[in-house]
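These are the structures in question, set out in turn.
Both of the next two complexes hold subunit A, though its partner changes from subunit B to subunit C.
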Partner chain A sequence: MQGILPYILRRLLWAPLILLAVSFIAFTITRFGPGDPISVAMGQFRDPEALARVRHEKGLDKPLLDQYRIYIWNVLHGDLGESLSHQGYSVSEVIFPKMWVSAQLGLVALIITFGVGIPVGILAALKQGSWMDPASISTFLFFQSVPVLVTVPVMLLVFVLKLHWLPTGGWEGILSKHIVIPALALSLPGIAGVARLMRATTLDVLKEDYVRTARAKGLREFTVVSQHVARNALLPMTTIIGISLVTLLEGAFFTETLLGLPGIGRLAFESVTSRDYDVILGLTLVLATAFIVANIVIDIAYTFIDPRVRYQRSAVT
Partner chain B sequence: MNRLVGFVLAVVVVLVLAIGVISAVVIVRGGGGGGEEEQQTQATKAATAEGGGETGGKSTGELRLPGSDPITLDPALAADAASATYIVEIFGGLVTIDPKLNIVPDIAKELPTRENGGIVNNPDGTVSYTFHLRDDVVFHNTSRLVTAGDFKYSMERALNPHTASTVAEAYLGDIVGAKDMARGRAEEVRGIEVVDDFTLKLTIDAPKPYFLAKLTYPTAFVVDQQQVEANPRNWSRKPNGTGPYKMREWSLGEQITLEANDRYHLGKPSVKTVTFLLAGGSVLTMYENNEIDVAGVGITDIDRVQDPTSNLNAEYVTGDDLSISYIGFNTQVEPFNDPKVRQAFAHAIDREKIAKVVLKDMLRVAQGVMMSGLPGYNPQSKALSFDPEMASQLLKESKYGGPDGLPTVTITEVGGGANVGFDTQAMVEMWKENLGVDVQIEQTEAATFFEDLDSGRLQMFVTGWIMDYPDPEDVLDVHFYSQSRLNNTRYSNPALDALLEQARTEQDVNRRMSLYQQAEQIVIEDAVWVPLYNGRDHALVKPYVKGFEFPPMVIPHLRYVTIEQ
Partner chain C sequence: MAEAEAAVETLDEVTLGARHSPLGLAFRRLLRKKIAVLALAFIAVFYFCGLFAPLVAPRSYTAQDLDHVFQGPSLAHPLGTDSLGRDVLSRVIWASRTTVIVTVATLVTGGLVLSVSLGLLAGYLGGKVDTAIMRVGDVFFGLPGLPMLILINATLKPRVVEQAWIKTLQDWLRVDGLADYILIFGSLSLFAWVGGARVIRSQILALRETEYVLAARAMGASTWRVIFQHLLPNVSNIIIVGLSASLGAIAGTEIALTWFGVGIHPPTPSFGAMLFEGGSIRTLQAHPQLLLVPGAVVAALIFAFNLLGDALTDVLTPRAR
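Entry: the complex of A and B
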């Protein structure tokens, strides 16, 4: 593992610099943009003097760099700040429960997307040339083309109002009926993409010499597919799966709004319209950190999945 | 192997197609609410003796309402309607407003008046209000009696700059010494005096008849000093109040559950539990699925609900509220610094037609600045009428000589930029047709809009106002007095100022209201605002929910609701 440790260390050293840059950009944009959180929370009785007094009380009239310095200092001590649109709650208390809900939902959706997409892609590749190849992919392309704004109301109409099988929305945890509609809405569009990618990589693998060798050895087709073809075809998928895991933390605004889910997508949107500075920054930092970590993890994972990669990495170092 | 693969693929495709076909069939068969659904509800009705209503469902014994997350539950900080909705149920003050918009006593035993000696004019021009408090009001969770000292604490806390309230000075600023405290120049408010445990004396700077009305607003409510001091950051998550309902649970973004206060001094509420579902979602679908008991109806659903053959129609209720939407002109910039131009624009739009055709009669056309139900409302008031000839004539008489002499005119409203408000589109077309002016439409999102409005960057804008307390001062003085900080049209008229100043301290009710009516006339004739519509709530209420009045303002009303089992 000669090359990997210094590689990881280098990546980790870059991380704080990236985070600092990201947070500074977000900080500046929010402060310079029009509108401010006190003014938004002020309602219709807009008194500029009272506004100025409260801004001063909250430290929003200090020079930008001072505010930033204080903010970073607090973050390093684990304090992400206070929410101004949900007074009395800290930013962590606002963000993390919602992120957890979005993550759970996203995970279920992801399992469905890959759980259906990968086999369909492999099977389509194996059936290349027959009508079943384009037919299977096209069915899922239909769901990719129809936006969530359409699929959710249709599902609500069918499953809730007509059939009374499912509740309208809300969240009762990952094992309840409430998860069915959102999980379907979020997972169906992605299946086509996964299937097509899987199909492409499988086709490439099928052309490889070792597949022909395996078949020539007299192995059963099923073994050939599962042991040799699938494992190698899954390699490029690792990156996709890894990045997709991070998008779990982003939530899905439309689905959450239409179905009344207390998720992070809606919070992100609302925190921008209400100019909840610290929540916006908290979200930015958490997501940036997640992406950095995910990328490092994927790179490490590659060295384990594909033995060839390890040597290539040390060569590059 | 090949056959297995083929088989699996075929199954997958067939399954997906089947889902699609079934969905299509179910949708088509379902239709617009008739047919199958009628049969179902008839059966439900027959099966259960009391039964639910047309949309089915029985009450669960608790009231389930849609709601949104409050910005805060601290009465000293509340400035928005969502927060106020919960605060007025959980907390109480000296006085409150009943559903008929009368100011009535809450924790005070009776309203102070000049007749009962409760209101006294002092030699130095100030006026003192003496409140005798009830001796049976306790905080929800500690059973501690509320005293005058608690009121002094609460009001001073609201005014304390460290509490960072943006609204305290607006509603408590008339009290002697309040402004000093708000600016950090004093440690206490001289005008709030604890005479004894159950007697509170408030002294204001001039004889202002609207002071009692202002005390109905949350900043004057009483909070539990012990709770606040023990937990300054988080106490408002589970506040200890004196109102008809106590907070049982608040899961951020999910729900707020209120529980009846059995010891409420004005009468125990009938409904034991009220749950507000905060997560949102499709409110009307939830109502039809019996997940909530009340649902607001928007313009996209109003046709379905107003259709007499729909099963929703029997549950449809409306209520007028004290709000107004209007077009405002910036009277300090071209071309609206010329009153004739403003009047021309006002006469060029047909609001009745817009209300009927575009807004489907969901709102009432406003004929003035004050709205029906507000003291001082003038039923005879008429806004500038739709008169296209007069409009063009006025434009010719203006200093621009006609539409071609005008600079670019832009109307700004709040929006996401995806589509323009239906009524704004109609008005822009009418200005084009009747005046020959091409008005540009600009949409900005709320925070940006208010910043531009406050800094005078907007030329012409569409916005609204909701009454905070039932007194005309809250709309006329606040918006049109030349030095008022909320004067978003920057209008300055000494004659109007004189009327408003006089009305502030006029003690005779009729004369006072007459002054405000005259003020309103000036505003209308000078076309400072073009009043558009007064608000009306449209909602569906389940038939087993009784007494759910739509109050015209945010006032406590849940304790009047009963649920038929």
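Entry: the complex of A and C
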């Protein structure tokens, strides 16, 4: 475990700085554009005086850097601001319930992605050289290639409009039929990546001496694969979880909007169209924090799972 | 069987090695893969149609025929017509032109120029330059990509359109909606370089310590010479693999942005707008072909990019072979 502690410390020290930079860029972009939230909210027949008064109350007439300083000060005190389009609600009250919905949906999608991808990868590796290997990987590569913008409407067309098997949209918890289309739409694009990595690591493990030993002892093929091959080939899969999270989020953006699910993907969509600055910024900060923490946790977990991994100075990327 | 093929391959390479560059050899190996050739052929046809859209497309993408809306496939309109009676086939061909422009421009700026130069600099110079470049990369990596792209495109558009030089350039190039294209590929490039730069940097870190680089420097080669003559050729395979892997994502992101309404603006056709129009429940119920046609073309294109990327990885990275 030597060398891991300073590495984690360095990562933890960098994290707030990265977050600060991320928030500053996001802040500048939101303030830079035309059409501020007040004029969007007041609509076409706004009164210039009222507009100026509300802008002053919300501090939108101050210089950019002052606004940013006040914003960061409030964030450090746990106040992410107030939502402008959801009147009377604070940003945290808007974001966190929706995050819970997206997290549930994302978890189901992750389980499907890994639950399908890992066995497919192992099978492809075991059948290397036969037609089944490229055929299975290509099938899922095809699913990875179809944009969510196409898969969701096609699934709606087939399962809802033609076959009448599933309801159109909405959210009723993870145990209802409503989750089938969004969960499939979110998980299908990720399976190919998981299956490919699993195939590659399984092929590496199959060449190991201990696998030959296990076979030489006369163990059943199933035992060899499940106990000796799969368990060791699973190690590098932890690294792909971080990438899967990013894919999930981008997919959630469109899936939730298309199907009307009350998650953060749809919230992001709505807050951009209504120029709800503080919600956009809050989302950016919360998600960036989540990604940074997830990646550090994955790195740390990896050193515990596989003691061969050592972190050196150059490993900080 | 597979071993025999591999043996023939190596034999070919030994005999041909004297006449062909490593990249030339890799290309020959690529052409031996049937899937890769099919993918390449599809991409070639797509790019040809896109580049020569004015010649290939049977009609204009704006020509309306309000007497014949929502038509099924016919001789006059092989893929039918949309809600305004516009020829779907022509619109698909013109939309592919948008995809061609965006992918090529992003590939050259973000994929090639930014990622390669920053990756090379960070890896070779090390120290403060390395730290600075990689931390900036971390920041872009930390920003949620798609919402940021949408924000940038939504907020900066009016400012870019105002610029006089864009108008001049637009008249000169005769491309409609140039500001849209510039914003799209500019913002895409801003986020596209990080992954490539990281991979190139880590390779350069290893290559920097090799004896031939030491030898070159001992003989007095300048930094630029070492980078361009000695290091760049040795990472070219990684660059090609990385670029081919990112093509599908670039094409997909432009479509997503336009679907959202912040990318390419009508009347310039894009697959994003076509998918948006075809994806509403009502259109889907009555005229599913309006979604299925552009959807199939987009899926086929990204699938071809991914297959080609896979084949290139096989051919160009020695470890995977």
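Assume the second predicted complex is superposed on the first by the 287 of 317 C-alpha atoms of A that agree within 3 Å, B and C clash if a C-alpha of one lies under 4 Å from a C-alpha of the other, contacts with A are read in each partner's own complex, and residues count from 1 in each chain.
In the analysis below, contacts are C-beta pairs under 8 Å (C-beta built on N, C-alpha and C of every residue); 3 or more make two chains touch, one makes a residue touch a chain.
All figures in this text were calculated on a predicted structure; none of them were measured in a lab.
**Q** Who does A:168 touch here: subunit B (first), subunit C (second), both, or neither?
**A** both
**Q** So, A:249: does it touch subunit B (first), subunit C (second), both, or neither?
**A** In the superposition, A:249 touches subunit C alone.
**Q** Identify the partner contact of A:258: answer first if only subunit B is touched, second if only subunit C is, both if each is, neither if none is.
**A** After superposing on A, A:258 lies in contact with both subunit B and subunit C.
**Q** Of the two partner chains, subunit B (first) and subunit C (second), which one does A:30 touch, if any: first, second, both, or neither?
**A** second
**Q** Touch test for A:153: subunit B only (first), subunit C only (second), both, or neither?
**A** Once the two structures are laid over each other on A, A:153 reaches both partners.
**Q** If you tally the residues of subunit A touched by each partner, is the higher count for subunit B or for subunit C?
**A** B
**Q** Give one of first, second, both or neither to describe whether A:291 is in contact with subunit B, with subunit C, with both, or with none.
**A** second
**Q** Would you sort A:9 into first (subunit B), second (subunit C), both or neither based on which partner it touches?
**A** After superposition on chain A, A:9 lies in contact with neither partner.
**Q** Taking the two structures together, which residues of subunit A meet both subunit B and subunit C?
**A** Looking at subunit A, the two contact sets intersect at 34, 142, 153-154, 156-157, 161, 168, 258.
**Q** Of all residues in subunit B, which touch subunit A in the complex?
**A** 1-2, 5-6, 8-10, 12-13, 16-17, 20, 22-23, 26-27, 30, 69, 71-74, 77, 79-81, 161-162, 164-170, 182-183, 233-237, 251-254, 277-282, 285-286, 288-289, 291, 444-448, 450-452, 454, 465-466, 468, 478, 485-486
**Q** Applying the document's contact rule, which stretches of subunit A touch subunit C when the two form their complex?
**A** Touching subunit C: residues 14, 17-19, 21-22, 25-26, 29-30, 32-34, 129, 134, 138, 141-142, 144-147, 149-150, 152-154, 156-157, 161, 168, 200, 246, 249-250, 253-254, 258, 268-269, 272, 280, 283-284, 287-288, 291-292, 314, 317 of subunit A.
**Q** Which bits of subunit C are touching subunit A when the two form their complex?
**A** Listed in rising order, the residues are 2, 35, 134-135, 138-139, 142-148, 150-152, 154-156, 158, 198, 201-202, 205, 248, 252, 255-256, 259-260, 272, 275-276, 278-279, 281, 284-285, 288, 291-292, 295, 298-299, 302-303, 305-307, 310, 320.
**Q** How about subunit A: which of its residues touch subunit B in the complex?
**A** Spelled out, the residues of subunit A in touch with subunit B are 34-36, 38-51, 53-54, 57-58, 85-89, 93-94, 97-98, 116, 119-120, 123-124, 126-127, 130, 132, 135-136, 139-140, 142, 153-154, 156-158, 160-164, 167-171, 220-222, 225, 257-262, 266-267, 273-275.
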